[in-house]
């Protein structure tokens, strides 16, 4: 890290801070410039160490140099992590699509959705059984009954199942019925939950918090990796900005940026990322063109009557049309859209 | 809610949406304007009901009218909720200050801090025993040992104890040693945790999430109130914006806005709200002038060596000077700064 | 617009506001709901009229219904506006690329750039002669000399010339040498300048302000259209958010959103939209996949020594590789990438 | 600046970048750390020089150290700049208030407003004659007739006049009738206009752009100072964030931050900063408590019928009550609220 001293910092202050840097186990280089002195602190510094130095006497600013994440870093592990999700391997240079309703509502709804998304080319079925809802008065999900219906749909179609887990107590139960544990955006910094899924044998789909920096996002992944679970997929689902014509702002530059910084696969959620069904198809294509390893899309038999998120769900016909377009774009960027083999 | 139809919506579409509104148990008024038709849906609508209508045929937009929170609303309960926190009653027209270190680090650190903040005029001691940290490699708190030290400091000073709870499993334990359960910004939408503290006999200090709208903030409070715990203090601690000269942007207009919309007391955290110790004193005064019911401030014996948040912690002398200034501003806005009586 | 009354609004207040609505030339429908009364104001209301009603007695909120822009609206003119820019027609279902250095620096630099971008498939040359710079100490452009060099490069290559105009005094001069007048993001609400280019015979490339809502963006276009110049291209170049790993956040959902709301062509600037050269190629592909009518990309012979924006400029080889990939994606979305015919 | 190299940067790349740093006239210190090499570039670097280095081979990041502004910097000129605005001197440790309607609408309106705000304790009259409006269909101001009415109101009351100038052509005209030239938020980076007011003998009130960083704000001031006009007041009027319950988010930490970084006086605009009249009084008090040198407040005889900004204007009685409260807070922070002497 670099400790930038105030212009009028005294020699005593500079000496004091030099010593503080050394106390942290780092080597200090004092560089005296025309305008001010800076102390370069060299060694394996973590953001965490540098924080308190800012309160030191005569310090103007502390500038971290090393990224604070480690296991998630591409510098440490250059080759992409590959994660098996049913018949699709995320991170292996192809594109896979997970699709299904926001919430599991009934056997008929989830099974018909599973058949429809499989037919259109998805390899995994999404569907919420435990639903985090902004209002306590909204539908909170079918809970274990919903999980059982997801498992049934998997049995009928062979699709992998992706579903959200909201608390440590539910991890084991959800893992029993599903292939991928989803951590929602609101829980991205629920550290106990991250630790719990870090100890699960299931792959994890970690959604970016709506105001999380990419660094915080990678540190959240680091919590999971650090517990021993290497199978983390990063999911960009839109950030909160001043824009109100979309529910969130979907920043696709996250895709090439993350590919440069981390070896973990990157999935895009154009449904939450826009919040309006009519924007989902074009943003699905854009996500693939930007290099995404996969998509997760909300699909519902009749969006107008959905128990949640109807406004951003595609119906079966819209999803099928979108998938056909996605396949062409995937080919144009030398990636294959993976579909289920017959079975 | 108001269902705004597209300009070229057909009569059939208008009839369909009118019926949909009625199916939700609402009364529909169709209003035909010069440019377009709108359907006013009258009745006890909750945001939750209106969501899916947006996917209806010919619908341009759905505009909610009623606030989605209910128990937290000032329309429902006009008189301020008063919450006892040790010798201070939040919401009773006076100002109280909670202060102390970010993390409990040792007996000496927490007890000396307790004496110092009490002497300067605080009525409650803050200090983290379970610490949510962005990085898994950062200090995670002293856990139960930290709670015991907080209880010890309370015994010695009479200050109330405010400390964070991070997961449902810890609620009972933390409640055993503390007076106020703090829900951190990162857990504002951890609904299981909100439900758990909603069932605790302790008061709750609910921090606003860094990208939560005020409406989402009140709905998070509603989760707690809805479980039967009426003692929720709302804490504004800064939001995430494009500004980088402060760690977060502290929007003090939240204070008069919340006072208009809800009966719950409003506390300001100028430490997290700015992220730099030198900005804390002036923003403490500003918060009181804006009408805050209380402040929560980070104070550390030696910020430069703090295990966490040193950069935004005041030392004892700075805190004492700040409190003297706060007292004058509180008086100027006809509010008394509450201090501990001798004991 | 809808005037939402406070829950406890009196009959007198409701009558007063009903009268106010009528004074604005609108028809008032009073709707009495279970919780509150709303007044629907029907007629050709413009946002502008409704503003002051919010101060009325007993008013909780005023919700506008009609979009405030008119001439730019797709409801008014459903077919896309087509704008000739050299050999490319923006808005005609194909994709065109404008490329070149941030600033014109020398004859050799701009002419070599023109040849290179033409060879790679661009149809227009970008280059700044008048440069708005954040710091008064930065390079401010070659001014008229730069314009002459752009005209020279056009003569040699046949490319159209796109260049920025910063003030009303310069409009005529810049128009003399260029094909498209660019309005920079910082001037998006410089209304005198918008009026001036609205009176020019040249097409306009209007960049979205970094914190402009899409509605404000369309109203800025409306200023130009309203003066009689119908040839306005809307350029999304990134918005300011909390993200710092990119210079701006590029929200590609703007593309399908604008296509739904307006008939004007939409151009994407992935260079400013990301602020880092290594993110530009993937975001160029994504923009085309999202449906953009064109791209504007910064290209420099030696980005490392550029007088401005070197960090986000592609070199010739990078640009050529990007264009080859763009062509494939354009084809995959049934759009042709337009190139210069021989000459 | 600090040039941070990639972890796997080659010796050749390090040597190349070292040379580039030297070519910029800076001294290069190469520091080899455990994880990566950084090159500290020492000398009078300006942000502008460092920009292009980011494109260099093997470069991970370029971190600027010096602030890019100079004349505005408190490091250069520690004592506060004092600016005479009628009977009030901004920057001299007291508080002054400028108040009046958003737009000048008629003689009666502006003269009655002038008398009312003077009586309540303001020392300057604000009022717009040239109005920048988001929509071309909104009221655009009375132009020169409005300026004449402002001058008339000044004659009758002795108040100084503050009014906006929107383009270079109008600077001379506006300067003829006013004491302070206001640059609106939308023109903060209209550099030609900044240069023009930099050559005017009048003081300037420079409003922060809604998405301008504080650094960009100070660089805009630098444009004016650099032309020779030292009398620049910085006005914080709210930034654009995701919050929608206020029109803008008013970040009062700007006040102590700017006081630390610059010698220029800081004025707060709680009217635009909140966008709702009922939030203005408390935020006025908060601004003074935060240390503001002055306030600018919208006041209108009948806000409900105002030609612009009625929703955020106080009426005379509200303003008078607010001023009485402001005076008490000013005293509590050892600052006097300056009022007009009799005359």
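Letters A, B, C and D name the chains as they come in the text, with residue numbers starting at 1 for each one.
Everything below uses one rule, namely that a contact is a pair of C-beta atoms (placed from the backbone, for glycine too) under 8 Å apart; a residue touches a chain by one contact, two chains touch by 3 or more.
This structure is a prediction, so every number in the text was calculated from the model and none was measured.
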With chain centres defined as mean CA positions, report which chain is farthest from chain B.
-> C
Once you count every C-beta pair in contact for both, which comes out on top, A-B or A-D?
-> A-B
Let me have the rounded angstrom distance from the C-alpha centre of chain B over to the C-alpha centre of chain D, please.
-> 30
Distance from the mean Cα position of chain B to that of chain A, given in whole angstrom = 26
State, to the nearest whole Å, the distance from the C-alpha centre of chain A to the C-alpha centre of chain D.
-> 39
Multi-partner residues of chain C (at least 2 other chains) = 211, 239-242, 244
Name, in rising order, each residue of chain D that touches chain A in their complex.
-> 2, 4, 7-8, 29, 31-36, 38, 40, 42-44, 63, 65-66, 75, 240-242, 244
So in the complex, which bits of chain A are touching chain C?
-> 211, 213-215, 239, 241-246, 249-253, 255-257, 260, 273-274, 278-279, 282-283, 285-291, 325, 328-329, 331-333
Residue positions on chain B within touch of chain A in the complex are 20, 46-48, 51-56, 68-70, 132-139, 166-169, 186-187, 189-193, 209-211, 216, 219, 222-223, 226, 239-240, 276-277, 303-311, 313
